[in-house]
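This report concerns only the one structure given below.
Letters A, B, C and D name the chains as they come in the text, with residue numbers starting at 1 for each one.
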Amino acid sequence: MDQPTIRDVRAILTSPGEGSLQKRLIVVKVETSEPGLYGLGCATFTQRHSAVRVVVDEFLRPLLMGRDPQRIEDLWQTLHVNAYWRSGPVMNNALSGVDMALWDLKGKLAGLPVYQLLGGKCREGAAVYRHADGAEPEEVEANVRRFMEQGLRYIRAQMGGYGGRGSDAPRPEGALPGAYFDPERHARSVVRLFDHLRATIGEDVELLHDVHERLVPIEAVRLAKALEPHRLFFLEDVLPPEQIEWFRLIRQQCTTPLAMGELFVNANEWKPLLEGRLIDFIRCHISAIGGLTPARKLATVCEHFGIRTAWHGPGDVSPVGHAANVHLDVSSLNFGVQEWAGFSELEQEMFPGCPEIRGAYAYPNDRPGLGIDVDEKLAAKYPCPEGVLDWTQTRTPDGTPAYP
Amino acid sequence: MDQPTIRDVRAILTSPGEGSLQKRLIVVKVETSEPGLYGLGCATFTQRHSAVRVVVDEFLRPLLMGRDPQRIEDLWQTLHVNAYWRSGPVMNNALSGVDMALWDLKGKLAGLPVYQLLGGKCREGAAVYRHADGAEPEEVEANVRRFMEQGLRYIRAQMGGYGGRGSDAPRPEGALPGAYFDPERHARSVVRLFDHLRATIGEDVELLHDVHERLVPIEAVRLAKALEPHRLFFLEDVLPPEQIEWFRLIRQQCTTPLAMGELFVNANEWKPLLEGRLIDFIRCHISAIGGLTPARKLATVCEHFGIRTAWHGPGDVSPVGHAANVHLDVSSLNFGVQEWAGFSELEQEMFPGCPEIRGAYAYPNDRPGLGIDVDEKLAAKYPCPEGVLDWTQTRTPDGTPAYP
Amino acid sequence: MDQPTIRDVRAILTSPGEGSLQKRLIVVKVETSEPGLYGLGCATFTQRHSAVRVVVDEFLRPLLMGRDPQRIEDLWQTLHVNAYWRSGPVMNNALSGVDMALWDLKGKLAGLPVYQLLGGKCREGAAVYRHADGAEPEEVEANVRRFMEQGLRYIRAQMGGYGGRGSDAPRPEGALPGAYFDPERHARSVVRLFDHLRATIGEDVELLHDVHERLVPIEAVRLAKALEPHRLFFLEDVLPPEQIEWFRLIRQQCTTPLAMGELFVNANEWKPLLEGRLIDFIRCHISAIGGLTPARKLATVCEHFGIRTAWHGPGDVSPVGHAANVHLDVSSLNFGVQEWAGFSELEQEMFPGCPEIRGAYAYPNDRPGLGIDVDEKLAAKYPCPEGVLDWTQTRTPDGTPAYP
Amino acid sequence: MDQPTIRDVRAILTSPGEGSLQKRLIVVKVETSEPGLYGLGCATFTQRHSAVRVVVDEFLRPLLMGRDPQRIEDLWQTLHVNAYWRSGPVMNNALSGVDMALWDLKGKLAGLPVYQLLGGKCREGAAVYRHADGAEPEEVEANVRRFMEQGLRYIRAQMGGYGGRGSDAPRPEGALPGAYFDPERHARSVVRLFDHLRATIGEDVELLHDVHERLVPIEAVRLAKALEPHRLFFLEDVLPPEQIEWFRLIRQQCTTPLAMGELFVNANEWKPLLEGRLIDFIRCHISAIGGLTPARKLATVCEHFGIRTAWHGPGDVSPVGHAANVHLDVSSLNFGVQEWAGFSELEQEMFPGCPEIRGAYAYPNDRPGLGIDVDEKLAAKYPCPEGVLDWTQTRTPDGTPAYP
């Protein structure tokens, strides 16, 4: 066949299930001059979904029409700088949708799974971690044990939601709406939780914990140090991106492994942490940094620094995005662990070819490209609802808006 | 077809031309269970050619037999650590031969040129630099002008060989054999050369210079500073790998762009230079660091640090190695310039599919894989001569053995 | 007599015993124009033995023929730089064989043991450490006690092999062959082992432990800190050479003494550790860094930095190499401890003049040179088997190739 | 023969010539139980000659009697720490006398020149520099040219003595006795001198200059920078040992090569300069740092840092000390240049076996040990005069005591 060119680019939005504000997925489809030859990429940004669609359809599409889809390195850079102001959420998500679709396409052109293009597998599967929650230590313990029985080896334990969301934090007079929580109480409860878990479950499972940036800096340092005896696999987002310099202080105080990055949107955020070897796991949200092209590079840079990957894998990543995660996981020597939210039956029907989990590991399939498709008709039946999220309206007990 | 497995691995040695000690080329051929499906990689180490062959044939071959050739990341690491002591010349060259061959194979399996697997082209061709020599400034000038007339934009200017090799440096009583040169005289002559070139040719051509590590550290600093007004494109190997800490002093004293790395054999040599942003171009010898897999990663790490690539491309790299250089050049965003030695007619006949130079640029061809083959029958007609090189037996005027 | 010149150089390979892949010894013999006057040096690189032989016989030999064997400093540098790419395994081992042989020769010419040439003894014997292994803490304890009863004062305690090799680490689907081990489990078991040993044996013996680079960086830091209360004499190879920058973090967190270096192959690997005073013991493999000439210099440089020596002394060093270790040990003011593998009866017969161990100490003999010979006829009866090692094909539970 | 033991140790003092305060030489003789077997070492400290004799005869001798002279490393350390307060002038000179004598002895026992024990020659001869003085630039030029005609390639140019000693610096009322000089005038005159020399003689000779620590720090920086265009081989003692931190400022400002160290008496003085790569040549006075044992180590440490040696070699070093310098010079890979004062006919008669200068190089002889003897009867005819030096009573124009 002739060299295919790009014939169309568009964003597909869907909210599988009840049409949840928290699950507005965006997939970009890049179609070529070759009938039936297209690629898919994840551009999901649940909180600002329609802005991403606008960037894809109005700004990236015209730059891509008629171009050679195989020149990914060239197109990525071309799209990246085209708005002059570059990177950041919205634009990175849009770019990611295109970029992953181009890798998917390249795999299909090669007749090879994307992990082959990235160097081939260097492990059989990607170890995953699941999320065990509960109101009290005993309930968390029960949920941890349930996952252990399923063969999982890495489990994130949380109590009362991130930072005690929904907790009965006392509210001041005239309190505004929002999800109030008490950072101090949260910090204390976490230590109590892990005291319980290590005492009852022992050390033969890897435990993780996500602070979700809900502490002031010195409290974050204190918590990281307090959790040192509990031998966490990692402590996640212990500081907000606005206060990354405090990681140095944590490093001086303890050996608790640190994971950071799901909110990062450009390299100036991770550079000092990498160059100072101040974290142990990079866990960017791949579609928030622009797709597989920058993620693959970031994995390589982290390998240089002795830092492992733990890409963000929450429920509001589309299955296409999860597939991309897993392809990168199995081909990166410095892969650490993969967050795993699981797919509903509807999602698996809507996105044929979802990566599968067996025992402790997730596995990509071996079809060309990312190995995943989208049933557009089915997707269209679940349109995204309009509106803004509630949980990102968070306040501390005195009514101060806080990091969610 | 079934997934191919590795059926054989062997080193092909040849010395196209008169059988020169300085041109003992090594190409590794990885054959698969699929008839006619094989990959080629460059393992050339002219100075210790037969030791590389032993590593390939006796140690890497048994580790590779029956394995899946597509798991490059896995196989690279497996071979890399198998000898326990890792990296270094000889073993890295052997590993490179296998690694490039696996990339060549993967390209053939995909039906795509290797540059496509690396992300696709982000430029049309790779700007090259050529080497202009001469005994006096006027002769160098004439040779520079000759290259300019051929359309070249980057030219490395040397006078009297590296460090004035073959010069009439005074010798002490009882002088041992070897190529005597005088570092001080060399340093002074270089400034004189570039005074002449800039005065006669002007600034509309990029000039480079290679010190070939032939100065003591403070003299290297002094020369880099003295050449600051001559606006070199870069100054190459101004210090030996044994004294890389002195790059910091050069950085404090001047803005002459610095290229380094052809002698590096593992990451601990380039790490401090990259992390300190102490050089501007990385120019490792790709087969000396273990092939495309580490070179691709090194290019990515350099992109993080704002450093460009200028891979080593002398006459004693096989055409297969030159092809690998060019595939990487056209797909690396932070490519700088490519050293170019050119191919003899015999080399082009022996290695069908050599990359071509047109005007200022080198171009890979678009055939699957590295796009280059070897005529084994022809290669066998030019066996490698035995013996050791003379130019690497270098001494300073008082008879001290020096870096060659 | 006239000044002797070098008349021949060759590698002698032997595998005393059953012809083990793990015991392919290489000794270099440098013969002179003076009948019966020759020197011996260790060039052993078990994993790539035949490549070392090629370098010795084909490349170093022609450079040495007819030269003055007493100019060691000159010849070392001349051989070192002759391949242009220098250092690294294979070439350093070959160079070491020649270098030690030249020191052995110089001792014979002087009629003095090599330790006399190095400045003479500054202690009576070299304290050694032995290796006590076991599947459970009680078994390790029993083996430690056995060595204590033999008078030893330094004992390295390991449980389940390095990193738990051979353990029943769970394997993923489709697991490739290799020695699977679980780094996390290993790290936890080490602390348990030393809890037991210190509780049962007390503090009157110096305990050591070798991590064998089998942990990711932050886990290495955590282990070093966890072992601080156990007062190790040193913790060995807690990080791989690829991640030496993390030693700084260990230093910030604890006072566990650190030994490093058996895998180092050139100065850029140890420089930052020495200059930062980040380790306490240098334990290079002398034949892997090029012989006594660089080792003597490295010992001196370490003395400057307040760092002690603990040269690598495993079973796959030839008795000639062990002799060289001990000569250096007794004449270096900053000697720390010597790893000791012991010699079989066959080895003692094949290499007359092996250094001896009495009580806690090893002693060189007082014959001229290194004081050790080789029975070439006997050696020839035990040819080296071909093949590659299995234990260096190591994987973590998910199938990732790991540092062996 | 049996192992010899030390039978006697004594200091020999002599002032060959007119009995000059500036030439009170001290040689230590270590005699052994073997008749006729003895060693000689230089302990010269002209300014405190008799104190050195007291240390040798009253304190070191009893520690040495009956000991094995071959255990140099042991004895050096034993003597070094015996006074509890260690190092420093007087004690280091005495220790040096013993230490060099032990190396001389070891060479005689081995039947080898000392350079053989140090690793053998790595060059044919040691390039020397001579001292050209004069009242005006033209006179200095004439003296420089005279040396050039003798074949010398390195010449130190001074005008009006160190710091303009003997100059007509204006003196204040009531001026005390002493050698007045004007640092500012000196600094300006030096630039004028090198303007003249480079203009008249050109660049084909290496010029050196000695500031003799006679400038305040910022003036030293200014001078080093002002001399950058004159391309000195090195600028010597530009700062006093009391102000070594200012070397960093010089390094930030210019590339003038720096030599330092003749006044250093222990490692804490040179450590920061070496570790910061702040100087280019170490030029300690070997007998002031304790002899060949520490000098050999210091040379090795400097090799690590890329720094060359230029051992102090003034007229008030005994020929035995000069011989030791040259033995070390020809066997140190990182030798730079050797200061050379030359010997009178009387000195050559009194010390048979002085090293010789031919063309640009000094050569040790090839006799066992240091190859030099002392005619004690002749030496006794030239007893050392008592008294204190005049030139070390130096003042600046306002009468302030200054560094001499």
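Here, a contact is a pair of C-beta atoms (placed from the backbone, for glycine too) under 8 Å apart; a residue touches a chain by one contact, two chains touch by 3 or more.
Nothing here was measured: the structure is a model prediction, and the numbers come from that model.
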item: Steps in the shortest chain-to-chain touch route ending at chain D and beginning at chain A; value: 2
item: Fraction-based call for chain C against chain A, same above half, different below; value: different
item: Separation of mean Cα positions, chain D and chain C [Å, integer]; value: 40
item: Intercentroid distance (Cα basis), chain D paired with chain B, Å; value: 45
item: Junction residues of chain A - those touching two or more other chains; value: 122-123, 333
item: Topology of the chain contact graph, where touching chains are joined (line, ring, star, complete, other); value: other
item: Chain D - residues contacting chain B, complex; value: 122-127, 153, 203, 206, 231, 251-252, 254-255, 257-258, 277, 280, 305-306, 308, 333, 335, 358-361, 363
item: In the complex, chain D residues that touch chain C; value: 68, 70-75, 77, 106, 109-112, 116-123, 267, 271, 275, 293, 296-297, 300-301, 303-304, 331-333
item: Residue numbers on chain B that touch chain C, as the complex places them; value: 45, 47-48, 50-51, 54-55, 58-59, 62-63, 74, 77-78, 81-92, 176, 241-242, 244-245, 263, 265-269, 271-272, 285, 288, 386-389, 392-394, 401-404
item: Contact set on chain B toward chain D in their complex; value: 170, 172-176, 184, 188, 216-219, 221-222, 225, 242-243, 245-246, 249, 252-253, 398-401
